[in-house]
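You will see chain A twice below: alongside chain B first, and alongside chain C after that.
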Partner chain A sequence: MQPNRMLPNRSRTSVLVFLLPPLLLYAAAVLFPILQSLFLSFFSWNGISDMEFVGLDNYVRMFVADDIFWRAFMNALIYLAICLVLQLGGALVVASLLTSLRRGRELIKTLYLLPAVISTVAIAFLFIRIYSLEPVGLLNQLFQWVGLDHLERPWLSDVNTVLAAVSAPEGWRFTGLYMLIIYAALLAVPKELEEAAVLDGASRWTLFTKIRFPYIRPVWITTTIMATTYGLRGFDIPYLMTNGGPGQSSELLTTYMYKAAFTSTDFGYASTISVFIVVECLVAVGLILFVLKRKADS
Partner chain B sequence: MKKMLRAAAAAAVTALALTACGGTSSTDPSNVSPTGEIKAREISWLLSRPADGAVINIMKKLAADYAKEHPGFELNLITTPDRPSYIQKLETLAAANKLPELFDTDATPFAQQLAKQGKMMDAEQLLESLGIYGNYRPGALDYQRFDDGSLYMIPFQFELEFIWYNKALLEKAGVAVPTSLDDIPAMCTTLRSAGITPIAIDGQDQWPLERYIAYQPFREAGPEFVQKLKKGEAKFSDPAGQKTVNWMAELGKAKCFQDGFSAQGYSDAQNQFTSGQAAMYNIGTWELPSLATDKLDPSVRNDIDFFTLPTTAGSVTGANEFVSPSGIGMAVNAKTYDPLVSDFLKFALAKYPAEYAATGALSPTTDVETVVPGNATPLYQKALDQANSLGSKQAMPWDTQLDPTTNGRLQQELVLLVQGNISPEQFTETMDKTIAQNAPKFFK
Partner chain C sequence: MITQTAPPTPPAAVLPSRPPVKRRRRRPDLFRTLSRVLIMLIVIVQVYPLAWLFLTSLRTEQDFATGDPFALPSSLTWENYARAFDTGDLGRNILNSFIVTMGANILIVLLGMMAAYAIQVLGFRLSKLVRGLFLIGIIVPVQIALVPLFIDYSAVNLLDTYLSMIIPLAGFSLPMSIYLFCSFYEYIPKETYEAASLDGAGPYRIFGLITMPLSLNTVVTVVLVNSIFIWNDFIFANTFVLSEDLKTIPLGLQNYIGAMGKVDWTATFAAVCVTITPLLLVFLVLNKAMIQGLENGATKG
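Moving on to the complex of A and B:
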């Protein structure tokens, strides 16, 4: 192993000594709470009552008796999908267009990146105004101007549009960030390769699918993992804009867990949901790794 | 990233788990006059009131006065005006057994559990021992009481909730002030057809809409309905329950509230009303400074008036009985109650009413007269006068009555009902089921 060859044998202990504190910190800050949640999920406890062991009751309730839980789970998946399409798709399109631009690249890059540095709370309030119908907000005003009056609606109060409406700001705000990463990757595609392909008569589309995209795939994978983890932890914007409403139309697993813990003071059940989220994340990571491995093998 | 959020949430729960086993209360909640030496120290009041509001300003001043006689004394005021955040903070501290000397709470089921565990001083005995119990308005104290009549919180305010309306807009649409709650849906339809938003409501904070569902049962079955409902002894499928469910659906069908109300905040709603865009607005006397003084937009100033909660045919409660809350109350922690806390409360509570009334607000006591500010419109005095003719019953806001899970679900389903996304039958079924599931845990 590399460290052993680089360091004399007696330093192996010192390496371990230096590795130990971060490991302990990680265990205390991440592993221990996860185990604690697992432990708590077998109890009924409201914070001030005596803890009552209920076995698997919380799990049974979650999987069988709780309609909101499944609703929140589906919502979370849709939220994730919308965020991924907006962030990765949008980023790829903008980055590709940027490379063919001769002037003003820096300006456009900066403009696109701007939302990523605005505070979440400000973004949430901004979009509440944009979606508003009474008084009329920007979006509905735009529809009025272009004559699409029938599309006007209170986007955040309509149960059919609210989930997309709370997902969009999250997608919009990080598009610029991923655009920057993908743009940097696209710049690294060797010009000779592209020119050779063009000489051979490749169309722009072929150029993209056969040369550019395969070249940036490693970066694409990284951004996918980043965007997925961000999407799964989505909480603040839906919480601030609608608090999960109307009804449960924009309730995500995270907001639901938060409510179970801090509104209903049902810490046992909230822990059960958090255990589910842990499992969900492990499955997501497993899926991504599985797909990547298959791609690499093929 | 996901892990971090998870870890934070779990860590919070863990922290609670670790600390919950800490000490238990050592003081007898009825031992209101502790003997011993007054040792000045810093005490804290965890509260949920406006940071620059009258209550905080006055208590700061009184604490400073007290500190002059008792060097070393300090009152540390920790306020979280946003109510949901505050409740989370309070519940977390209660779970950790780390409540400060004084803390705010409504007469919620959670607070009742704290009281049962002997964590709060008996406020009735406390006020009696200070000789000021009789000064309080009965309604102000009743608002703070639990269902069994016990009193553990001390009120600092007294408010009356009215339906404010714009005379000019009602006239324009050709509608009169409603004489019955049942008139309101039809009234909304007429206002809408005249192009006027009938009612401006803060949908984001959810409690304003929840007020409306309390009105019909209060008229139909009195204040007892919600007391039974929350324990599962009454149901939404009962006549009084059905009446309010159907009425709420009618309000929605008649488009009583502004479009997209569920995403609009407190100031949005108030601006709609004070800028003359909405005809009605249901709010309490805490907004008198903005609704009944020259701060109000001159273009609507002479058009604004209010009416109290309309009655219904066969109403069991009177026209002079409506929502008259005394605000969030202050509880005294039994564990940290000592001669100093006792002495400070004696000092502060005796001087508070006069100071508070001087700010133009209604005192929870009757021993002082509210000073009407110089810039007030005649409406100000008219609003204050309503306090003198109140009946003995009051409509309790449901958000202080129901268990938190039921309350959360009710707030969500109510929006769907009013928006027409679910039928009254679906609403009834969901809510009765939710209460049956959650009430037993809280009210056993």
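Moving on to the complex of A and C:
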């Protein structure tokens, strides 16, 4: 009956015994809250008074009347772009370089992964000091030394730099993780393929674009999806470093949703924003699969 | 440390301008040197901030407020650590993080194995659908659960408990765990099960005597990978926990921002160093296993 069934005789109850507990936890923590958010997004509710059905009002307000929402949406996209460049770009470069290294690979992998182990609160503290102007922090000091004094600024209170400044730590934190994954994939590229290409006189660049990258494409798709969904749910570091400020210059959809929920206790509207975030993630994953898979076919 | 940060730029600029004397033989070497310099630079960017954090925690307050941030401390002091332990209840925070991490990991491993066993080994008609249902959890951002869980918790009096953190942390990590166990169970040969079945073992005994013991390596992977995220969780703890007694490390650290936003930075950095240590030690001791786990987890996909 079932091709993938490994045990010849098992009762229906045994399936339920093994499946129900995990399914229950998952439903309570993940599935049910998703449905609940969807439900709440059609209501206006502050948690105390009676819930009031408002139909699509929250969605209309979000898409038409709320400038902050659009600001936060754009910011979130920029935040995502910076994270992706640092994480995937950085990871690909370092992983490729690492394969040409003869010794010390293990040590570099460990050092490179180190920031991923540290809590976001600690990272936020650290970067607040790195960006600070008074007393002068690491970044501004560095600019002084190389003679770019005019670039010195309080990075977190300057509306032009704050968004990049809160995105960079998130990128910095996880490059090591993605580097590891891509590095492992690069190691799996068959040596014979590479050697044959080198014999044919292929340059390093052709070797990379024609042999290595196509070979690691499936892993590249996985890492891109990971980095994108993690980037879209980024919250801790902007929340802790600037809480979206100054003004709304580093507000992301996630921080805006959090404020709507727990500062203004506007549960209905907050749910509407979180439904949007989920849809955004699903669309992003769909787009990645569509674009990267289609390229692979052509 | 200080001397390392400045010079790497000149060599990179000088090397290409040299006359290409023996071009053919030099090129690979040049490439190698360049990539070595580049890797060193990037590693410094990754590691130096953490070294700086540690150095700062040993600085005197005055030295920190006035000195050049790259300079070595003029004198070392452990005073910051004393103040760090006075300001917050670091021991309590570490214990709480430990309880939450343990609790969530037990659920993730046990339930992950069970679900993978049901899906991959026992098999049932809707197994594809169930697997897909679990996959959603990898993509969906955790923030979706904050408002609903906050409401549900207050209805059943679960706010401000260990469980309020453990449930969503375990729930959102479960899909990845199931996925890893499933891809491992695929490789257990069918004959193993058939032999056990012929000996009269039912699905429960087979799970306990064959599948579980074989899964040990995957268990290590799942625990290590998830522990990084659970140990450092900020968002669920920040939303569901209020009382000092239950605060985990990330929340405890926030106490170091004093009234009116005034921060005792050197003591804060000392506290950060203390709280980083447990996970860092585990990571440094087990980093081979952890790195292998991360690599396997993603490349199998």
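One rule holds in what follows: the second predicted complex is superposed on the first by the 266 of 298 C-alpha atoms of A that agree within 3 Å, B and C clash if a C-alpha of one lies under 4 Å from a C-alpha of the other, contacts with A are read in each partner's own complex, and residues count from 1 in each chain.
The rule is simple: a residue touches a chain if its C-beta (ideal position, glycine included) is under 8 Å from a C-beta of that chain, and two chains touch if they have at least 3 such contacts.
If you're wondering where the values come from, they're calculated on a predicted model, not measured in any experiment.
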{"item": "Touching partner for A:T120 - first (chain B), second (chain C), both, neither", "value": "second"}
{"item": "Which superposed partner A:G47 touches (first chain B, second chain C, both, neither)", "value": "both"}
{"item": "Which of chain B and chain C A:F267 touches, first, second, both or neither", "value": "both"}
{"item": "Partner chain(s) touched by A:V159 [first = chain B, second = chain C, both, neither]", "value": "first"}
{"item": "Partner chain in contact with A:R204 - chain B first, chain C second, else both or neither", "value": "second"}
{"item": "Which of chain B and chain C A:L133 touches, first, second, both or neither", "value": "first"}
{"item": "Partner, of chain C and chain B, that touches more residues belonging to chain A", "value": "C"}
{"item": "First (chain B), second (chain C), both or neither touched by A:L252", "value": "neither"}
{"item": "Touching partner for A:T242 - first (chain B), second (chain C), both, neither", "value": "first"}
{"item": "On chain A, positions contacted by chain B and by chain C", "value": "29-30, 32-34, 36-37, 40, 47, 135, 229, 232-233, 235, 254, 257-258, 261-262, 267, 270-271, 274, 277-278, 281"}
{"item": "Residue numbers on chain A that touch chain C, as the complex places them", "value": "2, 4-12, 14-15, 17-19, 21-23, 25-26, 28-34, 36-37, 40, 47, 90, 93-94, 97-98, 100-101, 106, 108-122, 125-127, 129-130, 135-138, 141-142, 145, 172, 175-177, 180-181, 183-185, 188, 204, 218-219, 222-223, 225-226, 229, 232-233, 235-236, 240, 254, 257-258, 261-262, 267, 270-271, 274-275, 277-278, 281-282, 285"}
{"item": "Chain A residues within the chain B interface of the complex", "value": "29-30, 32-34, 36-37, 40, 44, 46-49, 51, 128, 131-135, 153-157, 159, 229-230, 232-233, 235, 241-248, 254, 257-259, 261-267, 270-271, 274, 277-278, 281"}
{"item": "Complex interface listing, chain C residues touching chain A", "value": "5-6, 31-32, 35-36, 38-39, 42-43, 45-47, 49-50, 52-53, 56, 64-66, 68-70, 107, 111-112, 114-115, 117-125, 127, 130, 133-134, 136-152, 167-168, 170-172, 174-175, 178, 188, 190, 193-194, 197, 202-204, 206-207, 228, 231-232, 234-235, 239, 249-251, 253-254, 256, 265, 268-269, 272, 275-276, 279-280, 283-284, 287-288, 291, 294-296, 298-299, 301"}
{"item": "Complex contacts: residues of chain B adjacent to chain A", "value": "1-7, 9-14, 16-17, 20, 84, 87-88, 91-92, 94-95, 110, 113-114, 117, 197, 203-204, 206, 258-265, 268, 272, 277, 404-405, 408, 411-413, 415-416, 419, 421-422, 438, 441"}
